[in-house]
Amino acid sequence: MASGYFLTILTFTAMYISLALSLNILTGYAGQVSLGHAAFLGIGAYTSAVLTLRYEVPFWLAFLAAIVLTGLIGTILGLPSLRVRHDFLVLATMGINFVVVSVFKYVDFFGGAMGLVNIPAPSLFGITFRGGVPYLLLTTAYALFTLWICWYLSKTWSGLAFQTIRNDEEAAASLGVNPARYKIYAFGISAALAGGVGSLYAHFLGSVFPDNFVFVESIGMLSMVIFGGIGTLRGPIVGAILLRLIPELLRFIQDYRFTFYGALLVLMMLFQPMGLLGNDSWLWQHLTRWFRSSARSAKEDVR
Amino acid sequence: MSQLEIRSVSHWFGGLQALKDVTFDTHDEILGLIGPNGAGKTTLFNVISGFIVPTSGEVRFNGKAIHRLRADQTVRLGLARTFQIVKPFASLTVEENVLVGLGMPYYPTSAALYQRYRTRSNLDQVEQILAKVHLTDYRSAQAAKLPIGLLRRLEIARALATHPKLLLLDEPAAGLVAQEAEELAALVRDLYAQGLHIILIEHNMRFAMNLCHRIVVLAQGEIIAQGNPTEIQNNEKVINAYLGQE
Amino acid sequence: MLTIENLYVRYGQIEVLHGVSLDVGESEIVAVLGANGAGKSTLIKTIIGWARPAKGECRLNGEVINALPAWERVKRGLAIVPESGRLFRELSVEDNLRLGAYLREEQETKKQMEVVFNLFPILAERRKQIAKTLSGGEQQMLAIGRAMMSNPRLLLIDEVSMGLMPILVKRVFQVIQELPQHQVSVLLVEQNAFEALKIVHRAYVLENGHIVLEGKAQELADNPLVKAAYLGG
Amino acid sequence: MKIKLSSLFVALTILSLILAGCASQPTPTPAVEQPAQPQAPEVTEAPAMTEAPLETEAPQATEAPAEEPAAPSGEPIKIGFFSPTTGFAAADGTSALQSAQLAVKIVNERGGVLGRPLELVYYDDAAKPDQASAIARKLIEQDKVVAAISGSYSGATRAAAPIFQEAGIPMLSAYAIHPEITKTGNMIYRIGTLATTQGRVGAELVGKVMNLKKVAILTIDNDFGISLTEGFKQHAAEIGLEIVLEEKYPLGETEFRPIIGKIKASGAEVVYATGYYNEAANLVSQARDEGLEIPIIGQEGYDSPKFIELAGEAAEGVIITTDLNRDSERPMTRLFLEQYEATYGEKADMVGASAFDAVMVLAYAINTAGSTDPQAIVKAISELKNFEDVASGPFWYYTPEREVVRPISSQIVRDGAFHLYHEFTDEALVKP
Amino acid sequence: MLLLQNLSNALILACTYILMAAGLTMVYGVLKVLHIAHASVYTVGAFVGVLAFTRLGNFWVALAIAMFVSGIFGVLIYRSTYFYLLNSPRTVPLIASVGMFVMFTDLLQKPFLMGAYQRAFPAGGAGLPAVKTALFSFTAKQVLILLVTVILLAIVYVILTRTKLGLSWQAASMDRDMASAVGVNLNQSIAANFFLGSALAGAAGVLVGVYNNSVFATMGDLPSYKAFIIIVLGGMGSLPGAILASLILAIVENFLVASIGYVLPRDSIAFLVLILMLMFRPNGLLGRE
């Protein structure tokens, strides 16, 4: 059961859980809809690849550098969000994605269209993390780390500030929130976390090409967040798991799996626009009701 | 010394002059700002609270020029406001809404990234504020699910949490039934008694006249009258502005 | 003509109208007076179909119109001069008028446009001008003209005097006063009570979503309660 | 909130522990020990393997075989295949898949491999590396394939290669030309000619066959185009070509007119333009529209009937370098071209020929090895000599770097079809 | 001379942008939805066009059929999804649109529809003559594109400004409620708007198909975002703005490539222009306040 295939799927799922969670900070918490998240994945992947390949930096250092550098670049690329809103922001982030990918493609330092290959596998205490269980543990650990960050963030003043910006920027400002500062924070944190995934992604595949980080990937990530339930912790996780697994489970109709995927998104938006497990979703309400009533009956049993 | 000084403030929206050379001061009082629709009252509030930089003129608060500050900066100086159309953070609970006001003005630093907001002392303070506005029973309710009367009080609670010296209330009684309006008036008096200065925009005249010490009347962007409620009620210009020429 | 019975309207959490009843007869001008925030605009919006009542009934010539979209109401003879005009700002004066007659034939449109131009000769002069470049008064006239274009049976007018110079207010009210001669009824929502009471037949005073007073125009003009509704006391 | 969250933590941790436990049991490591690099084939050695395929496979495919081979029976031998049959690369992926399926059909009609039927297990990778790496593991572990073929692009192939290498399963890259793919290890072979080699042949074509001197180079900005141009420029310097203009353009470009203007102004006598048939079709039609009449030299990216269909008359006179000689009378070439058209109603292209040949090489190797042992299979491939049973052949031999050496042909479009223009058989030139 | 030739080529390129963007900007004006699936309509138009052309052999009939079918297709998209999502947060119709785009692109690729391969669209210049002057020249195909674009734009212009329907769209794009209060049946009006906008996208698909002599299932990938860049540059919902932005973009792209080559792929150039403009002029070139 725990075949390498299954492990690979799970490894990617873990990575995409982190990605969806990180995008959720930006889009779910802070309300800045982004269609350019793949750019941050790419920046992280390239940072890590370049450092390990060209400068022979050890993986762990490169991994940290990927997080930090992507975070920094994310803060800069977040600047348009201060001027631009709504649909325009969506398009601007889409544009950022395109521009970042073409920088990878057109700058020889990044290997151009030939990509960067032979990226070494990480190793720790002499164990090489090339695929398999160790790598799944690594990506799962990172997903848990992302989850923890998201959870912790939601308990901090910043987390509170993000939510106020999404709810009502004016009211937030009237209560002392500087929307610009927190939007930039959101971009930075969201990008940094995605950058970490990028590093894991690059070292898992062993090679990176500009085309791995195109706009379509960003669509996929946003879909996960919205599909699962935007602005919650459970939503992006469930969204990433389902949207990663559904095409894989649909392999038996492999040539039609994207037809179904597309149709699923449409139906979801028509009938459950808050996502499968969003706060107002049918499923979530029934689940919580069921939990509550079973908890109540459990209590009564005790009595 | 007057707390808030407004000096020759004018503001244009495109070709439309919303404020014409508005000048007045506030003192230790509840000041009413009234006027027909489109008189520029809310624009003036936006200028004072830092949402709009006026085209010309100056606003000083406790001697400090504030008309170029952003809203989140004016809060820090002790200016808090509410909105005509309530703007609750709908997805947050009542408690969290108040916590925003309690903490955010004091987190312009990166400490906001790691300091938790739900501490014992913060919650205690929230408790006190909620008690003041009689919202204690609703502390864990989601703001989206509250009726308007409670939302008005929530907005005031949020504003109070920022430790203001001056409170700007934009139509606090709008949408309230008589009973609620009376409770609100009592609350405002109470706050004043505790040392807060208050400016309120109001359409509900009964409410404003009973509550305010002094009233400034704006019409078409200009101050047409100021004085105590009785003076205002009998002022020709005001009657004309409201009811039209007799 | 128009009968409203026990109307309740809420915006989200806020109930704005609490059981309002009123009626407008044939060729009658009726005003709804009241201070800001009393619910006057909401009443107008509910009648034209931009807001849905939570309870109560709107009847036009006996037909319940609660659930009809706005355009269906226009077909049945309603027209609106909304608050602050809501002109189609990027379009010319002529196009705005043409839109006003959206449901009329080309021939009728031309005729009606002449009628409007007769009422407001300034609009004829500005016929090619883009609406947003008109002065405030001209914009109000265009808003009225546009509503007249559909040759309505009942005209809803929301705060037409707002932001207008007194001389223009007089002119506008003069036009409204003549409407019944063309078999048009008017429901007028107005803050400028004294000016309005000069031209209307009957009026209702709305306070905090309730009708607190109703009667003939002259009776109300002398009633101190009207002033109280506006200025408190 | 806290409770829910911590239970999630626990659930995830438990999940990963379970998986860890399961996976630690039988990890699919090859039973055979890693051998030394396969020895470079020595040409002087008697090529015993040329006889082997002739015994199991009827060589004269177009003629009725003298003896019906015994129908294959028993457990099928599975080979894995992945290509992009959805997404932007679906045209190539479909062509590759169909050709591979055709090859499997032909192999089975001729008695299969080791007397057993050959079975193609295929997945769509949408040309995405993450999918390809998952598919590689699925093929190895769930489908238990004895060997695999990548009918996909470089990114996906590159991601899959190390997985096959590690698992000790041979993988053939049909037409992905990234140089790094075969460097992954001794399990990874390539069917298509290395792009740098083809670029070199392109330069030879321009300088030695056509005797032109001033070249404008147009490079499609991906690994394919860049490798081609690299090879071209290297050889161009050796034989003294003058490069008067060099431009890059992105994949999927449709508007070449601004570049064409520059070419006209550059005084070039010939254009060496890398790219695929859809870009190429636009390039040549626009060039002719704009009155640029100098010869245009392409390479196997053009090698599709779609090129001629899309470019129409403008395609006339375009010369390309390719592995597939459509005028060849070699039986397997004819068989492939004819059967493909008969089966799918479309004319075959180079991508298809590569996938087809990959299956043929694998079938041969398994038969020669006499077993499905991976090491034996790669040994057979590495020792293959003058192999004729491929459409784009003959394959002379594989280099120790696992790149194929074979004649390269150049084709010219005449009367709406590719025809032989020149054949390059100089081993020094065509050897990677 | 080269300059003029580049300019005339850029003009044709701009035409292929204009029709796509014009349809999108019309739809955006009224609905304010990021209608990515517009690119699917474009592809469907090209596909229907090539089918009709190979069956019937007449380009003009094929064009008409393609426009009609894509118009209907667009209305179906509207009535089946956006109609129900008009009051949702903006991400909702956006994701639904993405979903439709993914679904249709994948479906179109199936063998019973377009298949994976490119199809030739050998309509040539549809019998129109090439124009050659000393300074610049247009091939027959280019003449065809120019002509069809100009005709269609003229028709759109007339509909927009001279008919009640067009007037109703303009009104609805400025104030949907007010439009309904002068008697505009919004359901019908928006559906008609979608029909015309989608028909234009279909025409764009046909023309690009003919111009490049190729039609394929993923041909909408590029226009799906290119058209957005254009309508944002032009100021969302402004038709003259979209035309102007198409021209500027085509000229910039062509001249950059002709002068310094591909510093970046042309789409990235377009996006850079877009981001910069959004930073400094957030409402577009000809956007409303």
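Couple of notes before you dig in:
To keep things simple, chains are lettered A, B, C, D and E as they appear, and every chain counts its residues starting from 1.
Here is the rule we go by: contacts are C-beta pairs under 8 Å (C-beta built on N, C-alpha and C of every residue); 3 or more make two chains touch, one makes a residue touch a chain.
Computed from a predicted model, the values in this text were never measured in an experiment.
Taking the definition of touch as given, a chain qualifies here only if it contacts subunit C and subunit D alike; those chains are E. For the pairs A-E and D-E, the larger set of C-beta contacts lies at A-E.
Separating the centre of subunit B from that of subunit D, both taken as means of CA atoms, is a distance of 73 Å. In terms of their C-alpha centroids, the spacing between subunit A and subunit D amounts to 35 Å.
Put simply, the C-alpha centre of subunit B and that of subunit E have 49 angstrom between them. Chain centres here are Cα means. That of subunit C falls 41 Å from that of subunit E.
Within subunit C, not a single residue touches two or more of the remaining chains. Across the assembly, subunit E contributes 106, 262, 265 as residues in contact with two or more other chains.
Pairwise chain contacts in this structure: A-B, A-D, A-E, B-C, C-E, D-E.
Subunit D contributes residues 4-5, 8-9, 12-13, 16, 18-24, 27-28, 85-87, 123-124, 127-130, 133-135, 137-138, 140-142, 154-155, 158-159, 162-163, 166-167, 178, 180, 221-223, 225-227, 250 to its touches with subunit A in the complex.
Those residues of subunit A that touch subunit B in the complex are listed here as 152-153, 155-158, 160-161, 163-164, 166-168, 170-179, 181-182, 185, 189, 231, 279. Here subunit E touches subunit C in the complex through residues 164, 167-168, 170-171, 174-175, 177-186, 288, going by the rule given at the top. On the side of subunit A, the complex with subunit D involves touching residues 1-10, 12, 105-106, 112-115, 117-118, 130-133, 136-137, 140, 143-144, 147, 151, 201, 204-207, 209, 211-212, 233-234, 237, 248, 251, 254-255, 257-258.
Here subunit E touches subunit D in the complex through residues 2, 5-6, 9, 13, 106, 109, 115-118, 120, 122, 139, 141, 208, 212-214, 216-218, 221-222, 253-255, 257-258, 261-262, 265-266, going by the rule given at the top.
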